[in-house]
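Each chain carries a letter (A, B, C, D, E and F) given by its place in the written order, and its residues are counted from 1.
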Amino acid sequence: MRPSGRTPEALRPVSIETGIAKHAEGSCLIRIGNTEVLCAASVEGRVPPFMRNQGLGWVTAEYGMLPRATHTRGDREAARGKQSGRTQEIQRLIGRSLRAVTDRKAMGEMTVTLDCDVINADAGTRCAAITGAWVALHLAFQHCVRTNIMSAIPLRDHVAAVSCGVANGEAILDLDYAEDSTAEADANFVLTGSGNLVEVQATAEGAPFSEAQFLAMLDMARDGVAALVLKQREAVGG
Amino acid sequence: MRPSGRTPEALRPVSIETGIAKHAEGSCLIRIGNTEVLCAASVEGRVPPFMRNQGLGWVTAEYGMLPRATHTRGDREAARGKQSGRTQEIQRLIGRSLRAVTDRKAMGEMTVTLDCDVINADAGTRCAAITGAWVALHLAFQHCVRTNIMSAIPLRDHVAAVSCGVANGEAILDLDYAEDSTAEADANFVLTGSGNLVEVQATAEGAPFSEAQFLAMLDMARDGVAALVLKQREAVGG
Amino acid sequence: MRPSGRTPEALRPVSIETGIAKHAEGSCLIRIGNTEVLCAASVEGRVPPFMRNQGLGWVTAEYGMLPRATHTRGDREAARGKQSGRTQEIQRLIGRSLRAVTDRKAMGEMTVTLDCDVINADAGTRCAAITGAWVALHLAFQHCVRTNIMSAIPLRDHVAAVSCGVANGEAILDLDYAEDSTAEADANFVLTGSGNLVEVQATAEGAPFSEAQFLAMLDMARDGVAALVLKQREAVGG
Amino acid sequence: MRPSGRTPEALRPVSIETGIAKHAEGSCLIRIGNTEVLCAASVEGRVPPFMRNQGLGWVTAEYGMLPRATHTRGDREAARGKQSGRTQEIQRLIGRSLRAVTDRKAMGEMTVTLDCDVINADAGTRCAAITGAWVALHLAFQHCVRTNIMSAIPLRDHVAAVSCGVANGEAILDLDYAEDSTAEADANFVLTGSGNLVEVQATAEGAPFSEAQFLAMLDMARDGVAALVLKQREAVGG
Amino acid sequence: MRPSGRTPEALRPVSIETGIAKHAEGSCLIRIGNTEVLCAASVEGRVPPFMRNQGLGWVTAEYGMLPRATHTRGDREAARGKQSGRTQEIQRLIGRSLRAVTDRKAMGEMTVTLDCDVINADAGTRCAAITGAWVALHLAFQHCVRTNIMSAIPLRDHVAAVSCGVANGEAILDLDYAEDSTAEADANFVLTGSGNLVEVQATAEGAPFSEAQFLAMLDMARDGVAALVLKQREAVGG
Amino acid sequence: MRPSGRTPEALRPVSIETGIAKHAEGSCLIRIGNTEVLCAASVEGRVPPFMRNQGLGWVTAEYGMLPRATHTRGDREAARGKQSGRTQEIQRLIGRSLRAVTDRKAMGEMTVTLDCDVINADAGTRCAAITGAWVALHLAFQHCVRTNIMSAIPLRDHVAAVSCGVANGEAILDLDYAEDSTAEADANFVLTGSGNLVEVQATAEGAPFSEAQFLAMLDMARDGVAALVLKQREAVGG
């Protein structure tokens, strides 16, 4: 039995509210259980220097956590003067995941920056950020189509992410904080709407895990992502 | 006529929603027009080194703005590696304002940190932060009383803040972004519930201003703060 | 009675010695009691990037304190690797104050940087810096006129600053260190030669202060600034 | 056909030379094709503050690349003043991988730091670093046993890593630079000597990849790691 | 003929004014030609951590240059966020030079920090700083003797420094800026009052120089330092 | 008798192995006793901004030490976020020394960066770095000649360096760590193949030293450098 009473393959309740960041071209607040992440997409009419003159767009992400998103207050990264390795690792993951389903040629030389800021954290923030960022990105592209900057939405597919873990030797889906801090293994799966893999990250927290356990997690992740994709579809009005 | 159609002495609509930061001992989301600031109070059972062994508590604040709280996306301070002078100036102002009405002796050697994070900005964010932070602080002290950490709420008075300006030679209250960017003078007044002054900051943006204009702003600020104090009272259940 | 034996409205002895920084286009050492600030103006024939192609000049300031300007040695900001929030707040104040009386259109696209470095500190360093920086700026503009870079000195008025405070419930002018560290309120007034306000900053150090106390400080500041303007006039040969 | 003429499942030539860092308790230079990483283990008789009084040891890693380890010279991270996100991500991976096979209770409160510095880079540096760091760690533990600091070597198993990729739709093992820069997917597998998984990281570089491709990579990785474990065994004299 | 009309072996006019930094235990303003350096000594009753419990004192120095000490304004190091390599090199040289003549055992576990800040620069600032810092240090030790912190002044000898160079193939003493920027070789000699060597730094600016040229510089430096030592003696009242 | 049994004027065994950094235009591993420094030269077809349009080339150096090059592990400078003053001082010395023998006009507007990374340290690392960097630079210039970027090798002479010291009052050549940490004086001499001086740095570690001691060190350094120049000649195939 899981601390929350969920079955091993049960996702927490998911909701996606759009239009939260009033100035952003696209935005949403995604809630997965008690985890809440504000995702805002900003469109800019040029690409960073290293991407210039290639005829391709750029999609990138930044991630942050409000100091009191967590049980005990964390240091503010701006005050400490640098982003932690964890923050940088997560924001690079979000950017890569979105680029994997974006038709950057169709975008033209434009940049979309996704700001993913965690308002409340109860584990799974990077997965929530990827799932919500796709919605904000889609909304921003809708804005570009409406304003005739683009002729069609340059996204080839959905992308969404979910965490899995091994607890008491058994695979479980979508860990909350209580589970995350005691799991024997921890994995994040980023998948497309059509079921292909964009990113797999699995880590033994204590003892190494077996291939069978890994494959059980991968199966659960498929179902979890399918459910998240339905929520994304509703949020973007599709 | 003001861009928003308000009269010179009219405040924007104000609302204060509590309990937003689920882990914080006290929190609220304050909305003043389109400006939205999330204020979260974190209680810690010790004071910073420079305050030790004096039998006094400490109240401090940190301030941040989500990158897309503004019309065009701003740099993330954590990514740039330092807080701007403006950020530091604001967070010191919030801390000073709250300490001016706190009975730090009655607190004992505890620290409350107020995190004020701007979700949406339409001018007046530092004033909204002070007004909301008082609510978060009061709620955190309520928590301390409920859990027998303190015997009474160690606040001597309300404190709230409002901006004023001079536009076309005339004093106006509670500037929004359109006004803030064209005002001839810009002032922030931090006052207590009983009408005393905690902080006055007035700056000529172009030509210097007259004493008469300054005094007109001060009068308007009194009324604005009185209205904000009523909203604070409702929010903390008093 | 004040620690120094001064009456409440008495300024400390003031002197302004010009030509201290041999390479600078304008410079002075201003002494107000035991506070000594070296102000040097550097003229450059271009404006910073954010000001380009607007046909306006730029006046900015940097502020520093020698490590042993104070009773106990302070950290060298260059060694710590960053300027404190206080330093940044002060240098922005100096810059704003000088820009308020400068005809930036008449300057053309030139920059003057005012370096204000505190040699000895006995409170009131930011006010002394503003007062001295105006002299250095005027001298630098004289240099520009002499060398035919400008046709007239692009200053509309004097600007000078003085601190006030509340001690034992009574307003006092131009606090020294002994007073500054115990005052109940602390204020800085930046005024023009013609008596208008450029900046007002008043802060309760303990309990909030009353409007009557605030107005008494403002009255004293007027007289103090008038006296400083006379000293400025002598220093620039007017 | 691969650029190097290797078959899809062929590892590059591997050699491990020990004793390179003369002052280190354990060290080796691992060569995998043209990739060369110097791994040095430093033993210290205490743990970092966050690990104290738990009766457990600590194993951690730092990673660096000499500026001219690459085709074109890279910036020196010490000169730029910070480690890149990539560097931090890699050194955390190395540390986690080694801790997964270390009996930290048997270590006692000691720290071993593994410095992994890339002398020449031809892709696969993080995998080479993990594989070489295990050797350096084993040698350092041998030193601790010889000097009676430990009674037995506190390692439960080997750990080694290898990269895989998808090129032209087909899985390949141990990518060199030419392959790494064009692969459709890129994965790193960290496995134990007994075949369990410690870490899996797979990333789509362009289009998402299929589960079948992923499983083909995992199979190749098993064989690759088995070969590396034999080389480790020789190097530590086992 | 030198630009200033001096003979090859002529020092510029030297003056040392004491008591400039009002709060410092010892201070002086040393002028060598148009070079002016303010040297302030701060005494502290403990040593830095790495020196503790050895029964020895510590003497250290920090060096800075006001931004407009030079012909064109230089960046403020505090604003850039780091001290240049040149600054660090100079302050380590000043510290080493003073420690070479200090009886650190007789000092006891106390620290003296010498702040050397260049007000006006016309070459030779590091040499002026060493020469002036010795005076500030001596005055600070006098203060310690007067206040019974020390029983005698713990200095074994004078130490002073002078620059030399090679211009048009000929050795010259005490270069000013015009000479310094064109010299073929540049050397700094730090010598004691009794004529021993504390530090020699000689650098070819263009072509390498000969041993004969080097020895000619060393001879001139001896005479220059002897003259500086007389000035030091007057300044400390001896 | 020296700890190593060497006579006062004996150099440690020297070897120079070329071609270590596979991607570099020139490289070598220089070993002097147990000191090992990897020197890699990188050629770039442009000069830094401050050197542009002068028709001159640029030669510069960076220096680093692997954390476990020393008896006890040192902090990694990239992790600490800045290079120490010592590192900066050394890399500037290496750059100056090489530029003194380079015909920068003949180079054209190209840059060569010498990376000198210490693999094992047993004193004398900066001298080894200079001596090895000259070899790497020569090899890189050979590469430029072979690829028709330059018509001849733009080096006017060899440059090499050796340390000397005073131990028990007597001059000694090429100190190892045991000697370096106890020497009364420490000097580095950088000389050309033809015997001229490029840089002299001599420092009293305790008591000041005499001119006679200094001249004895200089004599030994001449012979030491002559031996190093022979090794350089062999290494570059000359």
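Quick note on the criterion: a contact is a pair of C-beta atoms (placed from the backbone, for glycine too) under 8 Å apart; a residue touches a chain by one contact, two chains touch by 3 or more.
Source: prediction; values computed, not measured.
Engineer: Given that subunit C is a copy of subunit F, what angle of rotation, in degrees and a multiple of 5, matches their CA positions?
Structural biologist: An angle of 120 degrees brings one copy onto the other.
Engineer: Note whether the interface between subunit D and subunit F is symmetric in residue numbering, meaning over half of all numbers used appear on both sides, and answer same or different.
Structural biologist: Counting which numbers both chains contribute, over half are shared, so the two copies meet through the same residues.
Engineer: With chain centres taken as the means of their Cα atoms, state the distance from subunit B to subunit C in Å.
Structural biologist: 28
Engineer: Quick check: how many Å separate the C-alpha centres of subunit B and subunit D?
Structural biologist: 51
Engineer: Counting in whole Å, what is the centre-to-centre distance of subunit C and subunit D, each centre being its mean C-alpha position?
Structural biologist: Going by mean C-alpha positions, subunit C sits 59 Å from subunit D.
Engineer: Where in subunit D do residues touch two or more other chains at once?
Structural biologist: 82
Engineer: List the ring in order: which chains come, beginning at subunit A and going next to subunit B?
Structural biologist: If we begin at subunit A and move toward subunit B, the chains come in the order A, B, C, E, F, D.
Engineer: State the interface residues of subunit A toward subunit B in the complex, per the touch definition above.
Structural biologist: 20-24, 27, 34, 38, 40, 42, 44, 62, 64, 66-73, 76-79, 81-83, 87, 113, 115, 117, 119-120
Engineer: Any idea which subunit A residues touch subunit D in the complex?
Structural biologist: Listed in rising order, the residues are 82, 85, 88-89, 92, 96, 100-101, 157, 187, 191-192, 196-204, 206-211, 214, 218.
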